[in-house]
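What follows is chain A paired twice: with chain B in the first complex and chain C in the second.
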Partner chain A sequence: MSATSDELRYVYAVCRPLDAPLAADLTGVGGVPPRQLNHEGLVALVGPVPARDFAEEPLRAHLEDLDWLSETARAHQRVIGALTSVTCPLPLRLATVFRDDSGVRAMLQDGAERFWRILDRIDGCVEWGVKVHMESPDHSSDNRSSDNRTSGGHSSDIRSSDKQSSATAGGEAPEKPLSGRDYLRLRRQQRTAQDEGWKRAEAFAQRLHEELSRHADDARLHAPQNSSLSDTPGRNILNAAYLVPRAHSEEFVELVDATKDEDAAGLTVELTGPWAAYSFTGDDVESGGGAGRSR
Partner chain B sequence: MTATPGRLPDPYGSGGGANLADILERVLDKGIVIAGDIKINLLDIELLTIKLRLIVASVDKAREMGIDWWENDPALSSGAHRGELAQENAELRRRIEELEGRESLEPAEKESRERYQ
Partner chain C sequence: MTVVERREIALVDLLDRLLAGGVVITGDITLRIADVDLVRIDLNALISSVNEQVPSPWPDSGPMPSSRMELE
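So, the complex of A and B:
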């Protein structure tokens, strides 16, 4: 206990004083339970972490290690998630570390105005993540375009090159190189099929986003995720977050679920949450793409 | 794992089972930034590569198809990706020229102008 210089303070979140206790068996980074540090009406959720891992140099090295990073990120989210079930916390970015409790108090003191402003904005709300994935458009459109496409939108010059393209799509490279003309036709044909798929997918995603935004207090569009890391098949074409009052969450979830009936044509809708309001901690009240109402 | 208020629906993957990409995206890129005593700028670190791993493959493809609504995010529009598209275009032009060198040219050349300019 006295060797404080060996221990630093990892801060997970800032929130209002809790009405209900956190689960007794909740552990955070390093397997240590977090505790509440009160300062003038605000609470910081903090946990002790060893300086040998969280001082500047070792931390820098650890952050390069995807396994360490994953474990730490999961521990961070575990605490935030537990906190979200009893309050509406303001989650801090990963690896926000202070030397001691007085550093954490000073942070609460200095940032009080900003914290209160954001806490007020997200009060009573949770974040829902909604993603739309499209089945690998490259492969499916290659096959469909040459075999049994039934849509009538193709121009005659594309049909005239069907023979050439089915030979290619059949898996065997043509004996001789394509002529420049055929190469271009093939490219155009592939692109046309892809374009159609993308247009359809984009229209679906935008419609969905607009509808969900109308049922949310605020919304943010995030960059699509790379499917190789997210381990989800297909391509991510919508990655959005919605700030939704708890009281309306059930309705919101039903709304998303309802779209799953119409997500034929290679599109899937994925819902995650409830999250803490990670995506809505920005200081400025930027409009994140047509939110229904703002505060 | 913890008590959830009854009116909230069951979690959809935000607990222990949540997708690592979703968690990383939030804890590394969202959430409020506060200067701690330990000064580390996450973006100084190779961590940037993690962020890139999250987004890059989709970005190129999506932008090619005109899906570019995140362009307003300065963190993502460094211009680095534009270069790749330009490179692909140059590659295609080279390939076209090579093919045209062996064939009769007028119609193909016309198409290439329409298509790629």
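So, the complex of A and C:
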């Protein structure tokens, strides 16, 4: 099984030498178990992948194939997840591929200083994801918008229901036609209610983020998620990641859990993790930019 | 602490981390794939194609709305 040119090296993560072995039945991308490649005190977790899938051109095509991307992402995460249970790995971006082992060694050699710096920073920590979703403010009182909610974007609901309003308003209550003035007043009331809903939701998200940040070593804001991709109703108003020492994780989870008791109608808080420190591998602090302010 | 249940990870959460996070190294092969902007564009294409096939974007979407906490 010598390395040939049609076999490439997929690298999952860089970490310190492992104290405990990985599960023997662990498989990664392509169903192949990852192995450790040691170089001067650093370990790269690598697995062979076929060039027909991972050379630049097929890879680009694959990345637009949701089934392929999903399968590959899950395989990547399976390895990172297993690794996270025995160490604090530095996960690499999905689909980092080298021609052969010597390419991987060169990467470890060239990046050693940077890898050690980040490994030290994330040592003993895991990442927790916290998202806040807000149900559409007029979800219950204005069911007209559900008719045209086919393309996922709730922001467009508000505008598009404006346009088709006269037709639908008439159709819903034929015995009581709205005058133009009544209609405008109604819309104004709805908009005010929406604005207040937004303000409350944003204030809640802001407060939550600030409090969680105080209990974390570091925090990042991801871009809000597209609701049709996340398969979650409503609008994603906070999508954050927190770097938390393992020793404080239980406390952190309880903190998120406690938000359940707050009076926040229409809001949903979702916790994911523990993850490897995916969101904290940058060399410097990069702002996630404006999450929670997606209007 | 019963609210947080461990279920299958939602793909969208995974992609947030795998495509926007992780150390970017210019591998031998994937010089351009590692570019964040490019990945963003690919993801946008994905999102629009997903929107066309509502409601079930991917086959294994069984229990996917993952661990949610209802706030009442």
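A few remarks follow.
We take it that the second predicted complex is superposed on the first by the 233 of 295 C-alpha atoms of A that agree within 3 Å, B and C clash if a C-alpha of one lies under 4 Å from a C-alpha of the other, contacts with A are read in each partner's own complex, and residues count from 1 in each chain.
Everything below uses one rule, namely that a contact is a pair of C-beta atoms (placed from the backbone, for glycine too) under 8 Å apart; a residue touches a chain by one contact, two chains touch by 3 or more.
Keep in mind that this is a model prediction, so the values were computed, not measured.
Partners chain B and chain C, once the complexes are superposed on chain A, run into each other and clash.
In the superposed model, A:L59 makes contact with both chain B and chain C.
In the superposed model, A:V126 makes contact with chain B only, not with chain C.
In the superposed model, A:V97 makes contact with both chain B and chain C. By the touch criterion defined above, A:A247 lies against chain B but remains apart from chain C after alignment on the C-alpha atoms of chain A. Legend: residue contacts after superposition of the two complexes on their common chain; A:L69 is shown touching both chain B and chain C.
Of the two partner chains, neither chain B nor chain C is touched by A:R16. When the two complexes are overlaid on their common chain A, residue A:W275 makes contact with chain B and with chain C alike. By the touch criterion defined above, A:K260 reaches chain C but does not reach chain B. Common to the chain B and chain C interfaces on chain A are residues 8, 11, 14, 54-56, 59-60, 63-64, 66, 69-70, 73-74, 76-77, 90-99, 103, 107, 111, 118, 129, 222-223, 225-226, 228-232, 241, 250, 253, 271-272, 275, 278-279, 281. Those residues of chain A that touch chain B in the shared complex are 8, 11, 14, 20, 22-23, 26, 54-56, 59-60, 63-64, 66, 69-70, 73-74, 76-78, 80-82, 85-86, 90-99, 103, 107, 111, 118, 126, 129, 177-181, 183-185, 187-188, 194-195, 198, 202, 221-232, 235-237, 241, 246-247, 249-250, 253, 271-275, 278-279, 281, 289.
Residues 8, 11, 14, 54-56, 59-60, 63-64, 66-67, 69-70, 73-74, 76-77, 90-99, 103, 107, 111, 115, 118, 127, 129, 150-152, 222-223, 225-226, 228-232, 239, 241, 250, 253-254, 256-257, 259-260, 262, 264-272, 275, 278-281 of chain A are the ones that touch chain C when the two sit in their complex. Note for the complex: chain C touches chain A at residues 1, 3-4, 9-25, 27-34, 39, 42, 45-47, 49-51, 54, 57-61, 64-72. Of all residues in chain B, those touching chain A in their complex are 1-5, 7-9, 11-16, 18-28, 30-34, 36-40, 42, 45-47, 50, 53-59, 61-62, 65-67, 69-70, 73, 76, 92, 95-96, 99-100, 102-103, 105, 107-109, 111-112, 115.
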